[in-house]
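Reviewing the structure listed below.
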Amino acid sequence: MNDWYRHIIIAPILVPLVAGALLLFFDERRRVLKAMISVVSCVLLVGVAIALFRLAIKGPQGGFDGVYLLGNWAAPFGIVLVADQLSALMLVLTSVLAIPALVFSLARWHAAGAHFHSLFQLLLMGLNGAFLTGDLFNLFVFFEVMLAASYGLLMHGSGSMRVKAGMHYIVVNLVGALCFLIGVSTIYGSVGTLNMADLALRIADLDPDRRMLLEAGAGVLGVAFLVKAGMWPLNFWLPAAYSAASAPVAGIFAIMSKVGIYVILRLSLLVFGEGSSAGFGLNVLLYGGMATILFGTIGVLASQALGRLASYSVLVSSGTLLAVLGLGNGVVTAGALFYLVSSTLTLGAFFMLIELVERGQDAGATVLAVTMEAYGDADEEEEETEIGVTMPATIAMLGTCFAAIGILLSGLPPLSGFIAKFAMLTGMIGVNASNAVGISLSVWLIVALLILSGLAALISMTRAGIRTFWASMEGTVPRVLVVEMAPVLLLVAVTLVLTVQAGPVMRYMEATVERLARPTLYIDAVMDARRAGQPAQTPVGATVTEEGI
Amino acid sequence: MELVLALAIGIMTSSGVWLLLRPRTYQVIIGLSLLSYAVNLFIFSVGGVKSNAAPLLENGVKTADLADPVPQALVLTAIVIGFATTALFLVVLLAARGLTGTDHVDGREQPK
Amino acid sequence: MILVLLVCLPFLGSLVAIALLKTDSRVLAARLAGAVALAGLLMTAWLYPAVTRGPVRLELEWLPQLGLNFTLRMDGLAWLFSMLITGIGFLVVLYARYYMSEEDPVPRFFSFLLAFMGSMLGIVLSGNIILLSIFWELTSISSFLLISYWHHNAAARDGARMALTVTCIGGFCLLVGLLILGHIVGSYDLDAVLAAGDKIRAHPLYLTTLCLILMGALTKSAQVPFHFWLPNAMAAPTPVSAYLHSATMVKAGVFLLVRLWPALSGTYEWFMLLGLAGISTLLLGAYFAMFQQDLKGLLAYSTISHLGLIMTLLSLGSPVAAVAAIFHMMNHATFKASLFMAAGIIDHETGTRDMRKLSGLFRYLPVTGILAMVASAAMAGVPLLNGFISKEMFFAETVETHADSLLDRLMPYLATLAGAFSVAYSLRFIHVVFFGPPPTELPNPKPHEPPHWMRFPMEFLVVACLVVGIIPGLSIGPFLHTAVVSVLGSQTPEYSLAVWHGINTPLIMSAIALGGGVALYILLKDYLAKCDDGPPLFRHLAGQRIFERVLVTVSWKWARFLESRLGTRSLQPQLRLVVAAGLLAGVVPLAIAGFSSQPMILSTVDPAFAAVWLVGAICAIGAAYQAKYHRLAALVLLSGTGITTCITFVWLSAPDLAITQLLVEIVTTVLILLGLRWLPKRFEKIDNSVAFISRARRLRDFLLAIACGAGMFVFSYAIMKQPVPDAIASYFLENAYSQGGGRNVVNVILVDFRGFDTMGEIVVLGIVALTVFALLRRFRPAPDSIEKPEQQRIQNAFDLERPERSDGETVRDYLLVPSVIMQWMFPVVITLAVYIFLRGHDLPGGGFAAGITMAIAFLLQYLAGGVRWAEDRLRVLPLRWMGVGLLTAVATGVGAWVLDYPFLTSHSRYIDIPLVGKAPLASALLFDLGVFSLVVGSTVLILIALAHQSVRTHRVRAIETPKAEEL
Amino acid sequence: MSTIEHAAELPAWAALVVSVFLVLGSGLVLMGMLGFVRLSTFYERIHAPTLGTSWGTGSIVIASMVFFSVLSTRPVVHEILIGIFVTVTTPVTLMLLARAALHRDRSEGNPEVPEDSPAEMPAEESGEPAGRA
Amino acid sequence: MSHVILACSVVIAQVFLVVAMWLAMVRMFRGPRAQDRVLALDALYVCSMLLLMVFGIRSGHTIYFEASLIIGMLGFVSTVALAKFLMRGEVIE
Amino acid sequence: MLPYPLLSLSLLIMWLALNGFTFGQLIVGGIVSVVASWAMASMRPSKPRLRGWYLLPKLVWIVLYDIVRSNAAVVWILLGGHREKRHSGFVAIPLELRDPTGLAVLAVIITSTPGTAWMEYNSGGGTVLIHVFDLVDEDGWVDLIKNRYEKLLVEIFE
């Protein structure tokens, strides 16, 4: 542990935590300062994430094993953080989404309630922790950190819609958390470890009774992740929650459903990748994912409000990922990772754009007005009126962004949505599909659903776009601030970059999947990680104990 | 002992699930509390059941005889998180009740 | 590189044009567009010599591992089409420069037009079939933007949407088809695909890929039954129609089939699918065209019909037919573009396109009239015009036998009939518009010839029709040959483009068609003049209406129905599902593995323990039973279960858990009580006649609850019967003291081995406190809860009505004695908290338990004296406590970095304090201090925030009543 | 029946003392709870648990103190804190509950409970004038 | 011998206390009023506390003492809150 | 430094009872008890003046004795002794004691003693309403409370 830069692995967790804690010392009135702390933290996070990303590319060959032994306890006894390519990818994605969402909130949302920035930072902490941890129970803890922060953020700004949606969201996720606990403890009870690598190692020679329990535990655990990932029929909370959340919050929520996916991907390949429990639960993912795509598609078509449309698009995205992961096909999984990145950014941008678009239709304004009601709180009345100038060509920009998002969602060229869909399809039925096996019925079904969902997105987005921009926005130009427009543009621009740089990006995804497909690499890295020296001070009592006990 | 504990967990789970599925927010919060008792006991039970073997190191006690400390640590974390989420849910149900005027979980009486 | 420029220049031009949006310069944008088109034309022309020697290729790596590269490839066919796209593009730009009106945002128009041009060039130049499909979709998108250019017009919006929807459906199918094609061939490279024709046709997936690719081609080329979008796209500005809907975009479908002709054609399936679609489109299009009253509608159906003709030619699979198809594509582009321009001029000058209003325009627009007449003649297949030659070739091919079938044998007759129709509508177009009495109902009563340069594109195209019609071999011949060779390669047949082949079957068919057409028009003339409701027989078969109805039904009605059926917005069904899923997930693996409850070694049952649990279980059931109507009773019973759980923890060797559970229990009870005040009153219903449905629902929930309980019972029983495999527990037990410096293993795990979990856990608590605070700041009680509770009202009224009693005396007396005791408990509980904190590392206790205890100390003071009393005396700054706690925990962790150890590495040592002796000092203790501080802060914040609501509602009341009491 | 090995070295007198106090204390608790269930009015029932909180608790505290003191051959007195705090805190609950019950009975007009007004108290019962001492 | 006496008395004490808990629970169910239930809860707390003390004697460990102490010192907090709620309809005014 | 010496002392004793007596614990306990009594000072309670603190042992003895006696009495009643004659009822007792701490001690005594329960205190009239389990003679009770407890408490606290 002599290389100081190894500590960077924990930085994605500590930076937002410290920022969140520091924010508590300042009064709500000191908004500028709070915003600055928050922004600095996010910028740091991007830097840290990119640094980790570069280290992860170097990999073990480059002298970076990516394992961090917390408290200097060797695996499996202590908690380890593991920054491999997949984690690094998710970290970068999180931070790239976080900055726009945060900047967007600075226009006005961060002032719509107390402690926005703290909650935002702690949400990032939870997300990053969930992506980094290599320990099942620690994963639970970070899930809870993330969820708790998301509860607060979801209801940020209050209002009947948000609180109702928040209540459903909370209850369902509480039950999910209970499932998580049951699952983790069953796994501990049957295998005797909480470390994921150790678990993967021990699962190889497990007697049948224990294996049975382990699988039952993993099943219950899976329910928790599937609830989070939004698999049908466990996902009805999601449209309500995501569409009720304020725009920047919904924007950052775009990555939350991906946490469930991430964990499923991680565990299914690590723990159930090989051995006699191999492929455990894949069918559930496959068919559940397909059902989710279908449900999401139906919802997309049936949605009148843009917020619900976007939320159902989240489901489509989740369903696609689940179904594709359920195929258990490495080539397709690489495409799925690309899709994960692309769709997360798209949805993030979409949620933020919706507010801007709807502002012209005075829907968003009323929501805020309800919450702004001065109900005996004098300190809330000083709500500043919106300042700033309406940008030139606002409508054109909004329209362009809307179109771009429509194109992204329906998987049309030229943006990354197409590349993502193509990358998955080509692995299923295209050049990269394995020729020997032939193409199974379920693959055809997924292909059909992918196409259908794209089509549904197209139909709904054109319907909504026409209604919003051409049929009703005549004359009323929404007041949009630069800090609100820029995040959306930035995210769309990132998808453009993803398209142009599809080659290198895909190479990274393939390398990631390749590494995931070889769990021994992960296991060895974790289990062989060396403790830093010996503890500087052995307790004096140590010798006494050995005699005494 | 195992049988008693398992039965207790089962009964609390049943009661909790029943309440969880009721339409009033108060029923749900009581149900969630019951369920978290059940789950805490479940986590605890995973480590096996030992009486009078608390994992406190004292001179002359063989460590192998002591109860498994890991589930206990997990339960402690679970208790804390359960407490936090119960508090949160309580406040949310109050806020929802204030905003919607009803204590129905869907924020309105008699959903179609 | 010039290929890249050729494709990219229009897109660049498009971006530049959109940047001109603010400059209001109509002319500038048009000039830019013209320049781009002209440059494209010149570049294409310049490439001709190279193309004659073989395809010009350029490959840029893009996504090589997935077989998608930016490959451009220009062969003869692509060259011919590039010429067409850039050439007609240039003419259309010229035309549009005059056509577009002052009010329109012209730069946008040209921007879209250029984007379209680029996409179209991309299609024809793609050397990778996936790249082709990318450009294919781009044409759909840009055409959507062009059709909806006048988006304030509902017809334009609907037409655009329909075009987009239909072509995108096709586009998606095409993509899948091309992917499968790539799968069969093993590459997406066009050359590889074209070289693998035999392999493709022999593959089991051939039919699938063919159908999917055809879906793309048929939708794009507006073939029956997907033709309906094209007439609706006529809401676009006429230059768009002239460009997209005659010359270029609709040709993409047939172009694709020509492109893939070597790979896909020549099978029976190919013949039948294309033939059926083509011939029916040919006939129906022509038939519908006759009955149109809108000039552009007529042209649109005519276009559909001609595309059907091309499709039919392609279906035949013979090389000569392919030649004819390519040739006719060119011819159709020239005469149809000019006709659309004519229609545009008429519309522009007269203000209408309705043939019932138009009449005798020849006297106003003689030049336009002549041009239109020549172009119509070409469309009708009159000799000495380009349309005639390709039509002759078509007739000749239909006579041949290709795949012996009914369709094959019927083809000559059907072709002739369609020919007659086309003569009839061409004649009608000219006759109605230019001849007859002077018009009376024109919106612009005095039409006149348009500016010369607006007419120039038409003139040029009509001259082209004539030149090709008279000297085909010298004009188009070589270029066509290059194209044909590029498609057919060694299969290139002998063919001649001569005008006169002698009197043969095709000529007779032409003559019949010509004569029949004239006769048909004369017969139908009067009927058509009055016909308002479309063609007879097919009046009700309006594809558009069917499509819209289907779309609305499927994408709206069904979707909404299914959404409500497959989803729910209520909480209970959701929970039911999640719970059931959890149950299944746990039970199914057990069932699959064949779980059996084998006889097991169990420790003996302690009757006292069992008896205690009898209490716990009954309390749990009682709580479940009472929670609806007797909230307080349920809470009390819940506490009963809680205390039983504590006893269990003690009994089963977990004193830490018992303490924590107890403390949490106390705080939770108070919390729930604090909340209870804001819930509505609920009285037990006397009415016992519960509806059957709700009773059934209850039964289901009951069974589910029982099942879950049984599941958990089995699950926990199964798990308890097996000891945990020794892995990490013994390590903790053995090393807690030697390496963790503590005797309480649980606490050492919490603050050292797994201290990171604890850090996360306190963060959760902190977050929740913040959320609670934020949420309660906006708290608004329900109307029926704003009032003070009944008890308080009674007691206050009692105090008020007695003269000897002061206001609030009842409550003061009530709390007088208890509050003394509660106050004196304050320092005692603080001492207890310190005690619990300090002993944590070695004995049950620790930061969390101590924190809660401390919070209870504060809580007691609030209970004893109320909010204002307590806050007069205590200034707890919960947020500070929380911040300090978090930072302390982090700082402890980071402190290890200084010694170059990982985060949270603990250091413990015993230090000698004078007089006191050895005292343990572990960094873990500092960490625990952070935990303590955060827990105090969070718990107090939650409690205070809730308690404050009672005070706040007084304020609300104060605001509501004008005579506000001073606070 | 579980045997108590660790108590093997306990002298017989101590075991006897501990046993007596244990049985006495728990017996008192049981008696109290029996009364708690059987008594008919709330005001009567409120007396019953005090058997447990007074000498019921006291006896068991003494038993525990004796037991551990003898066992570890040093005075173990911390149990006395339990006795003290139970004695001090239980009345708080009882008082508050009793007053709440009074309030409820009065507001329901129950004739069994006295009216809430010192003025209406019979003169002979307030032997001295209510004034400051 | 001494530990047999002790074991007997411990068992008797446990049985008495558990039965007392049952009785408290009976009152908790029967009510009839909320204050009866709260009183029953308070009694249940005391019984539990004593049961834990007896368990401490039975196990010979003092580590279970804190749980009893906390019930003894802080157990009244929740019942006080309940009682105050009954009297005032509100826990903290 | 020491706002409530007696409190600090009690806390120190409590600390030592909890942790066992060592010199180290004495120091730590001392610190803790002082800090805790400062915390108490911030609550600004009505400061009790223990004038007759020497009478405390006597009071404790009387109370313990009475509790034992009334325990027996109540047990006897519950076991079925003279059930038909027993009747319980309220007794209002006028008090001179006004010191809240003294009242609190009285309330604890009355409530802890089986057979009597503190019902309600009226600060206006200075009367307390108690409930007696076995009420034979009302005046006897008034007399008992006033003479046996109140007098002593007045001496101690006022």
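Per-chain numbering from 1; labels A, B, C, D, E and F assigned in written order.
In this section, contacts are C-beta pairs under 8 Å (C-beta built on N, C-alpha and C of every residue); 3 or more make two chains touch, one makes a residue touch a chain.
The shown structure was predicted, so the numbers you read here are calculated from the model rather than taken from an experiment.
Least step count on the touch graph, chain A to chain E: 2.
Shared contact partners of chain C and chain E, listed by label, are B, D. Looking at which of D-E and B-E shares more C-beta pairs in contact, the answer is the pair D-E. Set against the Cα centre of chain F, the chain with the most distant centre is C.
Distance from the centre of chain D peaks at C, each centre being the average of the chain's Cα atoms.
Each chain gets one centre point, the mean of its Cα atoms, and the points for chain D and chain F are 13 Å apart. Inter-chain spacing, taken between the CA centroids of chain E and chain F, is 22 Å. Computed centre separation for the pair chain C/chain D is 69 angstrom, with centres defined by C-alpha atoms.
Put simply, the C-alpha centre of chain B and that of chain F have 39 angstrom between them. Counting partners per residue, chain F has 14, 18, 107-108, 118, 120, 122, 124 as the residues that reach two or more other chains.
Chain contacts: chain A has residues 137, 141, 144, 148, 151, 155, 158, 163, 167-168, 171, 175, 178, 182, 186, 188-189, 194, 545, 549 touching two or more partner chains. Among the residues of chain D, those touching two or more other chains are numbered 2, 32, 34, 46, 53, 78, 81, 85, 88-92, 94-96, 99, 103, 116, 119.
Going by the touch rule set out above, the chain pairs that meet are A-B, A-C, B-C, B-E, C-D, C-E, C-F, D-E, D-F. For chain C in complex with chain E, the residues that touch the partner chain are 608, 611-612, 614-615, 618-619, 622, 632-633, 635-637, 639-640, 643-644, 646-647, 650-651, 655, 658-659, 662-663, 665-666, 669-670, 673-674, 676-677, 788-792, 795, 811, 814, 818, 822, 825, 828-829, 832, 836, 843-845, 853, 856, 859-860, 862-863, 866-867, 946-947, 950-951.
On the side of chain E, the complex with chain C involves touching residues 11, 14-15, 18-19, 21-22, 25, 28-29, 31, 34, 37-38, 40-41, 44-45, 48, 51-52, 55, 63-64, 66-67, 69-71, 73-75, 77-78, 80-82, 84-93. By the touch criterion stated above, chain C contacts chain B in their complex at residues 569-572, 575-576, 579, 602-606, 609-610, 613, 616-617, 620-621, 623-624, 627-628, 631, 634-635, 638, 641-642, 644-645, 648-649, 651-657, 660-661, 664, 667-668, 671-672, 675-676, 678-680, 682, 701-702, 704-706, 708-717, 719-721, 723-724, 728-730, 732-734, 736-737, 743-746, 749-750, 754, 757-758, 761-762, 764-765, 767-769, 771-772, 775-776, 778-785, 842-844, 848, 938, 942, 945-946, 949. Interface residues of chain F facing chain D in the complex, by the touch rule stated above, are 14, 17-18, 67-68, 71, 74-75, 78-79, 88, 90-92, 94, 96-98, 107-108, 110-120, 122, 124-127, 129, 131, 133, 138, 142, 154, 158. Residue ranges of chain C in contact with chain F, taken from their complex: 804-805, 809, 812-814, 816-817, 820-821, 823-824, 826-828, 830-831, 834-835, 838-839, 861, 873-874, 913, 915-917, 919.
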